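Paired with subunit B in one complex and with subunit C in the other, subunit A is shared by the two complexes that follow.
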Partner chain A sequence: MLSRTLAQSSTKPLFLAPRMTQCATLFSFRSPLQPPTERLYEGHVPISPFQRTLLAVGSAFAALHNPHRGDMIAALGESTGGIFLRRIRDQMLKDPEGRRILRERPKITSESMQLDKLRQLPDGIFGREYVRFLDDQQVSPDTREPVHFVDDEELAYVMQRYRETHDFYHTLTGLPVTVDAEIGLKWFEMVQTGLPMTVLSSFFGPLRLSSQERERLFNIYVPWALENGSNAKSLMSVRWEDWMERSVEEVQRELCVKPCPQV
Partner chain B sequence: MATHILSSTARSGFGSRLHSVATCRLPLARSQLPHRISAIRVQSTTAQDTTAPEQYDVVIVGGGIAGSALACALASGKASSTQKIGLIEAFDLSSHAKWSPRPDQYSNRVSSLTPKSVAFLKKIGVWAELDPSRVAEMEGMQVWDGVSGARITFDAANATSTRSSFLHQVLSTSGLIGNPAADLEYRDSSFNDGSDIKSSPLAWMTENLHVQYGLQKQILGHQERGVKLDIFERTKVQGITVKQAYPTDADVSAPAGSTAADVSDWPVIELDNGKKLQARLLVGADGVNSPVRSFASIESLGWDYQQFGLVATLKVDHLTSTAPGNGVGIAWQRFLPTGPIALLPLNNGFASLVWSTTPKIAQDLKKLPASDFCVLVNAAFSASPAELEYLYKNIGPDGQPLVDFQQETEWRAGVQDMEAFRTAFGSSRTDAKPPKVIEVQENTRAPFPLRMRNSNSYVEDRVALVGDAAHTVHPLAGQGLNQGLADVECLARVIEQGLLSGSDIGNIHSLTPYSSERFLPNLAMLGTVDKLSKLYNTDLSPIVWARSLGLTAVDSMGPIKTEIMRFAMGLEDAPHSNRS
Partner chain C sequence: MASRTALKQLAARRTLAAWVPSRTAGFSTATKALNQYQQQPASNPSTATTQNANQGETHFGFKNVPENMKETLVKQVFANVASNYDLMNDAMSGGVHRLWKDHFIRTLAPTPGTKLLDVAGGTGDIAMRFLDYCRETHGDSSAQVTLLDINPHMLEVGKERFTQTQYHNTSQVSFMEGNAEDLKDIADNSMDAYTIAFGIRNVTHIDRALKEAYRVLKPGGRFMCLEFSRVENPVISKVYDVFSFDVIPVIGQVVANDRDSYQYLVESIRRFPPQKDFARMIKEAGFTVMGQGYEDLTFGVAAIHSGFKL
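Showing the complex of A and B:
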């Protein structure tokens, strides 16, 4: 409502002729320079379509220039998510487990995951391998960038969840965190989610690889990702928190994911 | 030629609108009934049978709304009322005249009658027989895209804001469709029959049984007046044949000027009670699987939609609607990827549902407990298609819900749902909400298959087809019955004209004006409705985007909207029918 008022106040003086105003309301309900909504959730930064475009292009270049800029990759994902996030949300709504996630909105933090307890589990159990991965990488679930630029509260949660569950994918697939393997995982996610960010990473990521890495990517990771990405259950509808005490093989079998061939 | 009579009837006080394109909610009720004609024999036999058939000028097979309306129209025509008319119906017809519904119950088969259809019903005296408390006026329409939320709204002011619509004026002044002055004069004379078109609702909603009641009352009245109108009810047609060498029946009232009729090519209709009728003109008003059409070897082309329509009578709570006037008199239609769902206004807080969906979902919906069914109907007007898909999946094989529908839908309604394309189409609009459904009347949920058919021709020598026998349409625009009534109006006019000019009304040359006037408008309507149905039967993003842009654009373009409205209300004429 607010934006509507702003839009009208900004367009009316410009287009005094009634027909022009009609056209303006027809094709854009607000000025591209106005943010569409008020602040919808903690950390939300409402931006205008113009800013969104800048952000998407800027973050894409920054991420390509330096793949370690996690914040840029995050911004790229959020600024381009749009209808794809909606599609993931709809997929989750159709799945009982996905619905439960949307309803309860669990957050993955070191506290909620009780990492110390997971460390006690025997080897080969999903929770144990997950913590081992975190420890090896010296990362924690708490270091995830919060969502800023998604203009819908529920979709922001979906984006957040997507980000938070990324580490489980490494445990599930056995993929390391080398750049080529990460791009392989992006291919997997592209097939799974269709998020534009994964598509961009899949196609532009390889530009920075050495020929040896590229060979490995396209000969091993990509064929695996294409096959398993489409076979697997929708991983966004997996309540990982409930799977911690099962063995990695069992989880792989239930979710229909074959481990990636080790290099 | 076809309109020569038109101006004369208008001047001589019949004064009704004799236009052609029209509208209806459901296919004719009759079309759903299986046809009971075991075998159609088309043969030329020599006289083996001993009983000579009784000769009729017009025999109508099928006493549904189209067939009964034709009988009424013929019986009320100046020349045609002198003819001998037969009406054959497999079910009871006379009981319709004793129809006395309870005020708190509505039949599930409801149609929307366009101004054009109502004008015709007025002309043949049927409208006056109806109980006004059971006819609801439809003042507005809200139609929206369930995937994107793009919406178009219509009200009576849209349709009648300009007397002659913009496009019509352009075409008229450019000489494409006749003399504008004559056109306006014609309009004036045709609209001044007591109902001022300016204040006219978009359509009138009433039960098909109610229309049948009015038709029966009129038919009985005509019989008392001495019109030779014979009803053969609870009688099935056994076969239709063309026989040769029957002696001419002297009783046949041949049209003036013609000598004793040669009846050798008149079809003979054998009834299951042993009677035989021989018809100068045989009219098929016998539904989608028309035996008369088979007899005439007229091919009917089309397809079955992979959809069923589910009808039901509902009770709604108007206080829950955010539309002006609490949504009383507003028709609501939402296009879902499985098909459109429509809530049509009846009186006293009742509403009629027509829900087009997949055959499986339609069957499941029928079995669902009443309270869950209401929850699901409400969700179908508000929840996202993904949410609905989840709910459909959770109807158990015994019809019991596997999850708590009430809880699930309440949760989703609570979540702020930024609909797809909201940024582009409609974030700034607070869309009116339909009233909530609170009850479904017992035993009114009924599914039926949806089809599209059009006969290659509506006439053959001695045969004419009207209504569903000639064409069947998807119910999404509520046009089927109105198309049927427009056929009947036209055929009755062509017959009357044929009689006045002394020609043989069964001859294909006399019937051709009917076919040529009705074929294109019907085909245009069928095509439009079919394309709409296909356009909305997907949730593919680029298509959703394009159709939403289109709908939003049309919604803000008054003249085009007016044009669409007039087309749907039967107020726009096919160019050839409004001038001589």
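Showing the complex of A and C:
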């Protein structure tokens, strides 16, 4: 990663590159009260490091207090993403499918996924099960909160992709949407991506569960998540759009994921 | 996932209270229209200059907007913040706004039977304190307050709050929807006192609001304005800036899920004229001011401006 950013900055003279690469900002002193960049993408809200800390702490407490605040969980993820998003991006760069995703930047919306076409597929096919999951939960891929607080355009896309592919994880693993299963999925994501938000959700989320749910979580979901999170291929590099017409078992086999034991 | 389905159920329940617009949708459609307007001049300078000649521009926070748009945008801000307004005031000022308002009413020192027009009265903090002061200090229950606000949502919250008090269903408080720039339902020379607390900086034409205030007051009547103002002390000013631009939008986002409205609020404070300039505007509207015409509160974070119609 260091060599890549140095290669980028060596193509133009340092004094003419006003927006230094992320790496360079570590070596120059900036007031923690100044936002580090201008607006880099639509919806970008550049915030100072001081504000970022406040947002991280505030959104952590708000999300713990009211887990239905999706926007707070999103804000927590973005304000703590930092170097971890860079690690995910670099991992994606090592995989050819991941490189394709970063180049083409596909967005997952109801039009791009062609949900009506997916509904025509036979049962047991990944696309069909995915749409069934969306219809059961009465959600659509369009209701995800956009990214605001990531100070790099490519990393903002990585964050957006992480959020958008969450539904595919449910279809892949067979986990339901109960709160304990969601936390189980966060453990899975923690092993896969290492994002601080997943770590916080994994360790503080169970505080809000009943003892029965906690028992289920730690006896069934967490061991499964730890085993399969580490066995599975890096799911951020998976171009889900290409896997829609394969069967669920085939997808699970290819990605080295065993379905979660049903409760 | 669970959060999204729960949000959908929450949204379904909220449609029952259909008069409340969807909070973020209301503000973001306004900002989309704002962005479209701002992109126009770059592509077509000739039409832009004629547009600007026809409709003047004014400020909306740090942005510039056409004058006729500002009122709609401000309306949307306050529709968004109405339900959490009092909670956010406490969170942003650490409860100090209560001290400011208490001092404001003590400075007004109303006598028994005073008729007050509380403009931009919204959730009723000033109106309630006024009636409480008359009752506690003079044992008076003939004081009357007309609570006027341009925004029906804020007025609803105010009415709701008054139902919990002993002034509910009495002639002491009445509610009116109206515009501070054009108080057409209020007769000339009819009010003993006119107050506007944290409202005048949102008015598009402050001079018109001041002229209307002069018109409706009786001779001898008092105009009083409580508003955010300029902090002169450089150290406190820096701390205040950091607090305004870094802490308040985060509080707005965490508590109320509405960063943009609170960003507007802190930017509009910076755009309001400083104490001396505003005192001059009050004099130009015809009021007689005593001394400097203003009193700083909390190092100038807020200020009380006062004038008499003689």
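Couple of notes before you dig in:
Basically, the second predicted complex is superposed on the first by the 235 of 263 C-alpha atoms of A that agree within 3 Å, B and C clash if a C-alpha of one lies under 4 Å from a C-alpha of the other, contacts with A are read in each partner's own complex, and residues count from 1 in each chain.
Following the convention adopted for this analysis, contacts are C-beta pairs under 8 Å (C-beta built on N, C-alpha and C of every residue); 3 or more make two chains touch, one makes a residue touch a chain.
Just so it is clear, the structure is predicted and the values come from calculations on it, not from any experiment.
In the superposition on chain A, contact of A:62 is made with subunit C only, not with subunit B. Touch criterion not met for A:256: it reaches neither subunit B nor subunit C. Of the two partner chains placed by the overlay, only subunit B lies in contact with A:153; subunit C stays clear of it. Looking at the shared chain after the overlay, A:166 reaches subunit C, while subunit B stays out of its contact range.
Judged by the touch definition given at the top, the superposed model places A:137 against subunit C, while subunit B stays out of reach. With both structures placed on the common chain, the touch criterion links A:103 to subunit B but leaves subunit C unconnected. Looking at subunit A, you'll find no residue that touches subunit B in one structure and subunit C in the other.
Residues 1-8, 10, 242, 246-247, 249-251, 253-255, 257, 259 of subunit C are the ones touching subunit A in the complex. Note for the complex: subunit B touches subunit A at residues 384-387, 389-390, 393, 408, 411-412, 415-418, 420-421, 423-424, 426-428, 430, 541, 552-553, 556. Interface of subunit A with subunit C (complex): residues 33, 45, 47-48, 50-51, 54-55, 58-59, 61-62, 67-73, 75, 137-139, 143, 166-167, 170, 177-179, 182. Only residues 1, 3-4, 7, 22, 25-26, 28-30, 36, 40, 49, 83, 86, 89-91, 93-94, 99, 102-103, 151-155 of subunit A touch subunit B when the two sit together in their complex.
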